[in-house]
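Look for chain A in each of the two complexes below; its partner is chain B in the first and chain C in the second.
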Partner chain A sequence: MVKYTINRLLSGVVVLFVISWITFFVLTVIPGDAALLSLGTDATPERLEALRESMGLNQPWYERYFSWLTHFLAGDWGNSLFFGEEVLTLIMQRLMITVSLAVFSLLLAIPVAAIIGILSAIYQDKWIDRLARTVMQLGDAIPQFWLALIFLVFFSGKLGWFPVPGFIPVEEGWWRSIQSLLLPSIVVAIGLVGYLIRIIRSSMLSALEQDFMLMTRVNGLSSAQAVFKYALRSAVIAPVTTILMQLAGLLAGTVLVESIFALPGVGRLLLVAVEQRDVILLQGTVMFITGVVVCVNFLADILYRVINPMIQFGGERNA
Partner chain B sequence: MRKGKNNRLVLLGIALVSMVVLLCLISFIYLPHDPNNMNTLDRLHRPSGEYFLGTDQFGRDILSRIMVSTRYALLVGLVSVSVGASIGVVIGSIGGIAKGVLQSVIMRIIDGFMAFPGMLLALMLVAVTGKGLWNSVLAIAIFMIPTYARLAYSLVIDQKNELYIKAAKSYGATPLRIIGKHILPSMLPKLITQFSSSIGGAILLESSLSFLGLGVQPPNASLGLMLSESRQFTLSYPYLAIPSGIVLVIAILGFNLIGDALNDYTVGRRTSA
Partner chain C sequence: MKKLLNALPVLMMVAILAACGSNNGAASTPAPTNNTAAEGSEAEVKAPVKTELKMALTVDPDGLDPHRTTAASTFQITNNIYDTLVKVSLDGEFVPGLAEEWKVSEDGLTIAFKLREGVKFHNGREMTAEDVKFSFERLKGEESPRAGDFANIVSITAVDHYNIEFVTKALDVALVSQFAYPWTAIVPEEAAEQLRNNPVGTGPFKLEQWVPQQQIVLTRNNDYFTPAKLEKVSFIMMPDATSQITALQSGELDIISVSGDAVPQFENNSDYSIIETQANAVQVMAMNLDNEALSDARVRQAINYAVDKQALIDTVWWGYGQEIGSHYPPMLKEYLDTNEAIIYDPEKAKQLLEEAGYAQGLTLEMYLPSSYPNYVAAGQVIADQLKKVGLTINIHTVEWGFWLSDVYTGRKYDLTVTGHTGRLDPYALLARYHSESKENYMNYKNERVDEILTQVQQERDEQQRLELYQELQQILAEDVPALYIQSPIGLTVTAANVAGYQSYPIDIYEMKDVYFTN
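This part shows the complex of A and B:
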């Protein structure tokens, strides 16, 4: 286990290193002139030269890369060209909204996906399974921004069930703040449900096919008892790790929803960075999100290893 | 029974894709109105005999704009996936036959790309390539490379130690010939399967980028852009938001269904063999 953790940690560090290199390379080496990319062609030569100097563009790329990386690791992510503030501060200011959005949508998606996923595995090829497969297909095919638009028009506009788009800060009341995130969360959740059903269904199907499931019936358990006491326990592992990974991926997966519902989160920051071609802000945001994704994947992997053997050998140990 | 169900889904997929292709083909022969003509007298005209799906806030005919949009959707889907897949397969195959440092370097870079959440990678690439139709084609093509490189790599590794490859090597076939003549044909079923699903994904990505204002630029029509342009008006004129979204769902669902069915077919054939 220790050996596995160390190996996994090392490969995680390698991936992070590669990601930092890709991010740096794609954003500052390929375009040729990151200063020109940021300021546009109508910038004065003096401003360009000043920015080039401050970004260190007059040095060879590998020197720039290492200087950028060392600063980055020390927490100095530079100042956004557009906002003129520190990139790390800008991200931290907006992180709460995106994380709340991600957590709310998972809280909404998990129960629905769990019920449909488990039932569709137990009643394979029955109507509930057909429903589950339809939900999965539609979930993949319906663009999130379209769903958001329709929901906004219908639930917020026509029915007035939800407040107009925009974020209400916590200071103006917890409930109102949560309410302003509710409809966007529902939209994100609907996109997640299809994906989660797929994971839960297949995990449950393989659990039901295990030999121990036959044993439980031989030992005289009813099928409901067998499902609740044994199959669910063994089926829960894969979804738990997947959900963790989804949570991290949502940091970048809410761009469209944040843009439609006017929520000032990390996704919006990312969009501004792309629109304004703010290379420094973009570098920081991309590194932040992928960094979180890689770390969470690492933790999920370790967690998977920790839960898994207990379930596999738990019976023997107790005996 | 499963086979019958599968066939029905394939047929549904083909039917949906055909509808979009038909709409696209007809757009070259006949358009009800000029899609970019702004007729200010007829702005926000509800669906009628004259304007079958109504007009937008500039008085442009929505049906004509949707028909033209399908050209872009299919173009972006086919071109970006073809380009991305070709480059990806070449890189992945090189990774598969290469040894030592070169192999590790190629595969670590692919792993790095795969670690990016999809939307993040797409946005980062668009930031470099810039806005516009062809720039988003380029960004989506690059976006597709890692998936195909991974797939090709694993397929080459799978086949590398098969007896018939060893036999080919033993009578002196060059690596290039082995890849082109033996390994590539064996990859085709998997690649075609992935291809169909990727087109659905590429159409979705293009529409998302256009919606964010990073893809097809006005006054040209794209399904995503149309939805984004009519945003302020959809509350009073909901008909603006419905048709283009439905066409988008039809296109994506169609390609996804074909991809899924092909996947079941190739996997099934493998286990039965």
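This part shows the complex of A and C:
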């Protein structure tokens, strides 16, 4: 277990390093840089030259990468070229909003998906199952930005049930702050429900089909007892991993919703970083998100083992 | 299962707590705003006239340092924080700003300004001629993207506290206009290093808070010589148009910019006013004359004959735009109506193509910048109309960075749709047609045009200049290095109680004169 943990941690560091290199390299290769984007149609060769010089973009890319890397390793994430502010500050300002959005939408999506998913597995091909499949397809088919716009105009604009777009900081009251995230959370949740139902349903189905389920019936357990005591326990593994990965994915994946609801989250920060070719900001944000994904992955593996000790880790038996 | 159920909420709590904790730690920038609290108490006291205005922006400015960017998004805001020596009136006249008066020497090479006395920076120090000198030297400095524009100023002398002289090398007949642009803001030396995030100027408003991607809050500078009527102006970052409209309708915003399709929602509704303004800008489909076919004027003319501009404006801009025949916006006084030079006639287009030897057709590559949906739509409509006269257009929708590097500065394209913003000096708008201009991305070359552009810079007689500029417009209308589409009409919707919001010939949001009627 210890050896496994160390291995996983080491590979996480390698992943971070490789990703940082790729991001930097890709941004150097694609056309346009921060100086050009800042000048726009006012760009003349002299102006470009002057601005590149002052932004330090004239050094070769490997020198810039190395300089970024050494600073980063020393804990200095640098200042955004576009905002002028420290990258870490910018990320932290946005993190709470994005994490809240992700957590709220999962809190909304999980119970709904769990109930529908479990029932549709138990009552396979009955009406509840057909309903579940319809929900899945709807969830997959509805474009998120469209749903966001419709909800915004209808629930926020016409009915006034939710506050208008924009994030209300916690200083102005916890409840108001949560309210301002509610409608976007519902939109994200609807996108998640279909996917979660599918995972839960199929995971439950395969659990129900396993040999030990037959044994529980032979041993005289009622159908409900069997489901709750054994099937669920075995079925829960795949969804947990999925949910954790979704949580990590949502850190960067809610950019559309963040834009429409004018929420200053991590996704929009990432978007600006790419649009403005803000290499320093992009590096920092990508490192942060990758770091979270690596950690969550790691956590998911550990959880896997906690939930189901049957899973063995490679090499451990010899250790 | 039980372990799991215990673990999940804990994990989430940890995530939330971690996030909250770090957020508090990082909240070094702003003092918390209490907009809601303020509004609430006002209502109780029954002080009915609002003094806090909220306006939507789609993007953050490229910093708030006017000497270190060329982005319009910056100047739209910094105009309220800093002042310039000269200001421009609604109809494009030059009026006193920080300078009370100015005088140009006989030979036109020297301009002397007398400064307003007793003007204070937001940090409390008085603004003097030394600050003006410092600001222009900073603007001419190495890190300034506009340094080239001011290279003609060879010496700056602070005569005394309130008098300053600028000497130019070559004659610039529109010299005074150079002191009216928002990038010629006067800044204090002691704050210069931090201006990007902590601007200090002499303007009617000072920065209270800037939270990127959230809001910029300006508060009134009570020491200003003609104080603003509003106490507070907040620019709220809202990237999506529908969100902006919803927020205006629910009273959360007071001013937004809209596109033509949103107008019917506000028309004939006494809760809102719609302000239409003719922009100092032109939108064109540029042609690259490096392409052999496009170097032939007949092909370019054929393309112009083939496009029904009014239909194009109606489809893409919902009719909000004024048709143009040349590279000049109708709002400026030198404008010449050249719309008659080429009138929509697809038959004539086919005939011209045949004469030029392209009867069997021609394939052209069109590049459209994806961040400007209107230009993409316009390009698609144009391509469709060109197809009807036998041209094949391959459309490439490209990212803005690619457009800037490969299309605009790299000049690798046949056709592209874009816009050009005008300046206070007509020369700045037309200079790109000089065959040696670095901004001549159409690779246009016309001897008479070069001649005019050289001559007009030395011509001190206003009438002569006007004639030269009009001749130039006529040449472009006939030689058509581009398809001149329209001069856009800007649409601003305000709540009905907002008054005093006006549009200027330069791209600024002037908030000083805005007020609420109730």
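Here are some notes:
In this text, the second predicted complex is superposed on the first by the 269 of 319 C-alpha atoms of A that agree within 3 Å, B and C clash if a C-alpha of one lies under 4 Å from a C-alpha of the other, contacts with A are read in each partner's own complex, and residues count from 1 in each chain.
Everything below uses one rule, namely that contacts are C-beta pairs under 8 Å (C-beta built on N, C-alpha and C of every residue); 3 or more make two chains touch, one makes a residue touch a chain.
Predicted model, so just to flag it, every value in this text is computed and none were measured.
In the superposition on chain A, contact is made by A:Phe82 with chain C only, not with chain B. In the superposition on chain A, contact is made by A:Glu275 with both chain B and chain C. In the superposition on chain A, contact is made by A:Glu46 with chain C only, not with chain B. Between chain B and chain C, the partner in contact with more residues of chain A is C. Of the two partner chains, chain B is the only one that A:Val14 touches; chain C does not reach it. In the superposed model, A:Ala141 lies in contact with chain B only, and not with chain C. In the superposition on chain A, A:Gly157 makes contact with both chain B and chain C.
With both structures placed on the common chain, the touch criterion links A:Gly220 to neither chain B nor chain C.
Of the two partner chains, both chain B and chain C are touched by A:Leu149. In the superposition on chain A, contact of A:Thr23 is made with chain B only, not with chain C. On chain A, the surface patch touched by chain B in one complex and by chain C in the other comprises residues 30-31, 37, 149, 152-153, 157, 259-260, 275, 277. Remark: chain A residues 30-33, 36-48, 50-51, 53-54, 82-85, 88-90, 92-96, 99-100, 103, 107, 149, 152-153, 156-157, 160, 164-167, 169-172, 176, 232-233, 236, 240, 259-262, 264, 268-269, 272, 275, 277, 299, 303, 306-307 touch chain C in the complex. Here chain B touches chain A in the complex through residues 1, 108-109, 111-113, 115-120, 123-128, 200, 204, 207-208, 211-214, 224, 227-228, 231, 234-235, 238, 241-242, 245, 248-249, 252-253, 256-257, 260, going by the rule given at the top.
Across the complex, chain C meets chain A through its residues 1, 3-4, 7, 11-12, 15-16, 19-20, 22-23, 25-29, 32, 34-37, 60, 62-63, 69-71, 142-148, 196-197, 211-214, 236-240, 242-243, 246-247, 249-250, 252, 371, 399-402, 404-406, 408-409, 418, 420, 438-439. By the touch criterion stated above, chain A contacts chain B in their complex at residues 14-15, 18-19, 21-23, 26-27, 30-31, 37, 125, 137-138, 140-146, 149-150, 152-154, 157-158, 248-249, 251-253, 255-256, 259-260, 270-271, 273-275, 277, 279, 282, 286, 289-290, 293-294, 297.
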